[in-house]
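Each of the two complexes below includes chain A, the first together with chain B, the second together with chain C.
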Partner chain A sequence: MNSVEGLLTQIQGLSSTASDVLSLQNVLKQADESLHAESTRLLPFLDQLDPSKHSLGYLYFLEACTAGPVTTESASSFVLVIARFISSCVAEQIRLAPDKFISVCKRFKDQVLLLEEPLRGVAPMLTAVRKLQSSTEHLTTLHPEFLLLCLLAKCYKTGLSILEEDIFEVDQPRDLYLYCYYGGMICIGQKCFRKALELLHNVVTAPMSTINAIAVEAYKKYILVSLIHHGQLSTSLPKYASGVAQRNLKSLCLSYIELANSYNNGKIADLETYVQANMEKFGSDNNLGLVKQVVSSIYKRNIQRLTQTYLTLSLQDIANTVQLNSPKEAEMHVLQMIQDGEIYATINQKDGMVRFLEDPELYKTCEMIEHIDLSIQRLMTLSKKLTVMDELISCDPLYLGKVSLPFPFIKLF
Partner chain B sequence: MDFSVLNEALASKSFNKIADICDNLMLQVAAEGVPFRDEWPFAIHLLGHIYIDDINSARFLWKSIPPAIKESQPEVVAAWKIGQKLWTRDYAGVYEAIRGFDWTQQTQVLVAAFSELYTKRMFELLQSAYSTISIQDAAQFLGMSEEDASNCKHAHLCLCREVSYYFTIFRCIA
Partner chain C sequence: MDGIEGASNPTMEEMQANGTGGVDELPLTSTSTRKNRPIVSGEPLDIEAYAGLYTGRTKIKRLMFIANHCDNPGMQLEALRMAYDEIKKGENTHLYREVVQKIDGRLGPNYAMDAAWCSTIERKAELRKEKLESELNAYRTNLIKESIRMGYNDFGDFYYAHGALGDAFKSYVRTRDYCTTSKHIIQMCLNAILVSIEMVQFSNVTSYVSKAEQTPEALDPPTVAKLCCAAGLAHLEAKKYKLAARKFLEVGPELGNSYSEVIAPQDVATYGGLCALASFDRTELKNKVIDNINFRDFLELVPEVRELINDFYSSHYASCLEYLGNLKSNLMLDIHLYDHVETLYDQIRNKALIQYTLPFVSVDMRMMADAFKTSVVGLEKELEALITDNQIQARIDSHNKILYARHADQRNATFQRVLQTGNEFDQEVRAMLLRSSLLKYDYNLRASRKH
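Up next is the complex of A and B:
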């Protein structure tokens, strides 16, 4: 036990200045193995350390304690300890050992799930993400863990807040796939279909050398959300999608492609028959809710198509064309679409007519100008980042090695 | 549990902040591992989401409430009923849900504020969606009797009786 005691004293002594902490890190790295050997007896020693001052040392001890398999017993004892550590630790210190921090946080997630209380983990995991990331543009391995907890705890609004940030730096490809997939699910839950489509699109078109399950599931949801939001699905993936995705994704999501085809024909009865026949498949993919939304969106789609042909139309005619049961039902559908901003129209109940109108937006208001200005600024920032990236890549030896030069390259030294 | 921020918001009538305050407080309390659900003001939390028209969050909150609480706290069920009517777009049903329960004093303030806000939203919807509407339907949308509806003048909307059974909707420049 002497070595542990000695280690504690060193942690307490070497945690005040940045240079001290760096020397402490070396000490801890060397002591790591012996800490792991004593893992079952370390918990009481944690009381002698202050997580807000001795964050790095505390982290090493905590990681060693929680290294074993997660049991309900160990979960109940550690969950609160880790939550409090996360909220009081110093970001600069824990960033010196990011792998250990990630490992502790993942354990925390496992424990919280074992105790069947995902809500307990949401706030601490968000704090952990903020402390680990070097900037809001940096995607860490903890981002998808946080989103997973939000999904399981049904805290969709909290999850949405982190999705507003633009990501430019990614640690691991798998982090990006999962982050965008879970993020897409959160947006779907909050009915932010445009953002969901963007995130799912990122998974599907991300670079990948082999097809992975996350991309397949993302593509299934992408198809359904595309139908709900745009009323159509583009038949091919964009050129920048990986070759692997282009060749394999469609064949792995056949029932969904068929659904999209049936939807395009506009016949509600056929669509409903197809959905009935494939109910089990959609259910086992956990996509039944989305599929139902696709079916109800077909009425909207058909009504919107009418606006392209008619200036005014009677409610009875709308009901007949779109296959609704009565003019009253047609009126309710149109009213809901007006409420949601999906159509511009006025209903004349006296005559039983609907008049379709042009989009009244004149793009002259202050809000609109502000919106355009912000968008331009975002684009300029993005453009600068791309220029920097382009310069970095054109100096990269790997890239230069692959690019064949038109003239023989003579070395001048 | 420290509900002072929430009580302050209710007292100062900052109803649009209630949802965020409740969400953040719930996450903090849950992180401490405190069993909070029995004392949690779910009715106010639900109404907070309903007030800012975030029915999705209200729905998810409802799903996360344990069945025992749903059975023992009728006010929570009544609060969700309003959300349910909004979700299914049963425009007239919302008023029934608001009036169909004897709210506690603290909740009553929030419900009354929402009722006013909802009527205003309905006026605005009628104004943008209809050029003429029957008195009967208008009364249902606005939660009033036909008598009251025909005599009503709202700051943003003038309802004018044209033919016996229909209103023509004019836009008033207030």
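Up next is the complex of A and C:
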């Protein structure tokens, strides 16, 4: 009606310069209520706005449109609209109203999931994330949504590209927990167990005042990935983990701790019977695939131990020591491990012998020197960052208030 | 007559192969000719001779231990018979009843339960106890330190003779307050040590040994030797084999038979020798055992132990292990050593294996197996355990059955460690920065809530 048209003209008029945009924002804030009241009728008005020029206004309108419940019919139309908006909007304008942008994107995700086409949402969500972040070190609420879509669409590589970046600023703790949890799952999917372990470790040791389900699930996966990657599980959480986590996590993940104990005993038969017995529990947590990988990793662990003791060993002996059924199976395992780069060996099929070799890396090449040099630079930057942050905190009044001062301030008149 | 269950390892005495193709070309040592029958030997234990080494309660205890742990019924009965005779000479009715029960009538009517003897002894004990008590009370009222001390001492002796070890210990300890000279203190300490050893409470033994050693006066040599033995036994019980060996090696020849109520010189030699072999390195072994003149006299009493130490030092491992095998059954009948025999033997065997491989770059496992009188497969398993335990730096070529020495490449290892440390630092610092950002959020939240 009139107010809506009036609003439209104002948007079109006040979207050119930065100061205009700010005054537009005030107008829009006041008009927000009335927009929401008219949400059902707003869709056709959107055509009159250009998302690339009038991003802020468009955003408000869009947010009001999508505020209602999501239905399948509206979903398909909205998905196109929102995707186009995200790709063409101007980053500075939408950063003025971040929560609106976030809720629009969340709606987008819901619609895409309702249509069961998560793949359609991956690229737009990535653009959205990039536009919302103030820097690559900033974690937004959209990060976990993006990772969720990647997981559901099974395009792990795109997810990995976001995970490569270091995060130092966080908006909300819950975002971080979800981000790390989904990120861990993506890394597991790509078999980057080291990074997965790091992300899951961050969730488990993050400061939290009460135990939450994300941490519990993350801890379960953490135990399994730790067994696969390191072959052992450290029994206690580090000291900087929150007290809540230290007290409660273990009791909530008992069957996994049992699994870790059974793994450490080294008897493959026991491990397998335990897994069989608890198949349901692992399945209900959706960890069955990981558990199977844990079981196969125990063979790898044992074969790796053999490389420390033997120079050559017959396949039959390997099969006996590692408790495999036949030399053929042993050969397959060893071959797989050679291909994955986990051991260095040659198989002599004529004699049925395996010859274990040393790690051929001599640390003499230019690439290695460069790698070391880059690592040093990187660590120096990180250290500087840490020092800066330390200085900032020591000047922070809140912190100083907590730490008692040795003598009181002397007031000078 | 009965099969010698003692020789547990199939002893191949016929084979003189001691380290053939092994390390050096010394003439092969033959099994020693013995002038007199030693106690500790490969043959079944001569119980009479063995028991003759000891006096007092330990003799009875040792005989009963042999009876309990021996498989040979002939030896068992012999031991029980001697125990019975010994107990009858004393006043311990409790042990008497035990022994009679164990004999179970197998030795005929002379060795059955003599109830009359028991009741006589017990009555006499009651009377003596009353007398001692009244005497002690008299002394206590008179407040003469020396007589009070002797009173308590007598009480201690009385309880000890009747087998009430706890009371004996308490009585002896009570004399401490009335000791005036260091001789008294030493007497008290020795009594306390004796009772503690019988009670198998070796923590007390250690404390009283140190107490005795702290007396200002110089101790006479037999006492010093006794204290060394007691300390050695305490360390042995605590499985501190190195310390036990050192203590036993310090025992001077003045010990003689003066400590027969605890330990015989043969035992000193055996315990000291075996513990030293299991825990000393080569230099210490040479300096403290082989070149030790005092200890040589002890070793003369147990020539097999002397031989096996020399064999070990000169790398004749096969004969060394053979001697050990022969001695095992008799050592298992020793009241102090029996639960350490296995550990000591394993340690000695491992040391032999490690010492064998130390000088070589490559070792033919077949020759090594011959030197150690074992099969190649068995040897491979043992070596694998030692390598995994990081006691041998080597790798096994299972195809050609050769052991190759392998020295860690320091340079590569350093690079690996450096890169790994760098990664860990990276991860830790990033996680730290992340956590601090979360904490800051938390503070801000709380601060904003307050306002």
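Here is the rule we go by: the second predicted complex is superposed on the first by the 406 of 413 C-alpha atoms of A that agree within 3 Å, B and C clash if a C-alpha of one lies under 4 Å from a C-alpha of the other, contacts with A are read in each partner's own complex, and residues count from 1 in each chain.
Rule of thumb we're sticking to: contacts are C-beta pairs under 8 Å (C-beta built on N, C-alpha and C of every residue); 3 or more make two chains touch, one makes a residue touch a chain.
Predicted model only: the values in this text are computed from it and were never measured.
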{"item": "Partner chain(s) touched by A:Q25 [first = chain B, second = chain C, both, neither]", "value": "neither"}
{"item": "Partner chain in contact with A:T136 - chain B first, chain C second, else both or neither", "value": "neither"}
{"item": "Dominant contact partner of chain A by residue count, chain C or chain B", "value": "C"}
{"item": "Which superposed partner A:T205 touches (first chain B, second chain C, both, neither)", "value": "second"}
{"item": "Touching partner for A:Q293 - first (chain B), second (chain C), both, neither", "value": "neither"}
{"item": "Common interface residues of chain A - those touching chain B in one complex and chain C in the other", "value": "351"}
{"item": "Chain A - residues contacting chain B, complex", "value": "79-80, 83, 87, 117, 119-124, 153-158, 189-191, 332, 334-336, 338-339, 345-351, 355"}
{"item": "Residue numbers on chain A that touch chain C, as the complex places them", "value": "166-173, 176, 198, 201-202, 205-207, 209, 240, 305, 308-314, 317, 351, 353, 356, 358-359, 361-363, 368, 372, 375-376, 378-379, 382-383, 385-386, 389, 393, 398"}
{"item": "Sites on chain C touched by chain A in the complex", "value": "384, 387-388, 395-400, 404, 409, 411-412, 415, 418-419, 422-423, 425-427, 429-439, 441-443, 447"}
{"item": "Residue ranges of chain B touching chain A (in the complex, touch as defined)", "value": "23, 26-28, 30-33, 54, 56-57, 60-61, 63-64, 89, 125, 128-134, 137, 163, 166"}
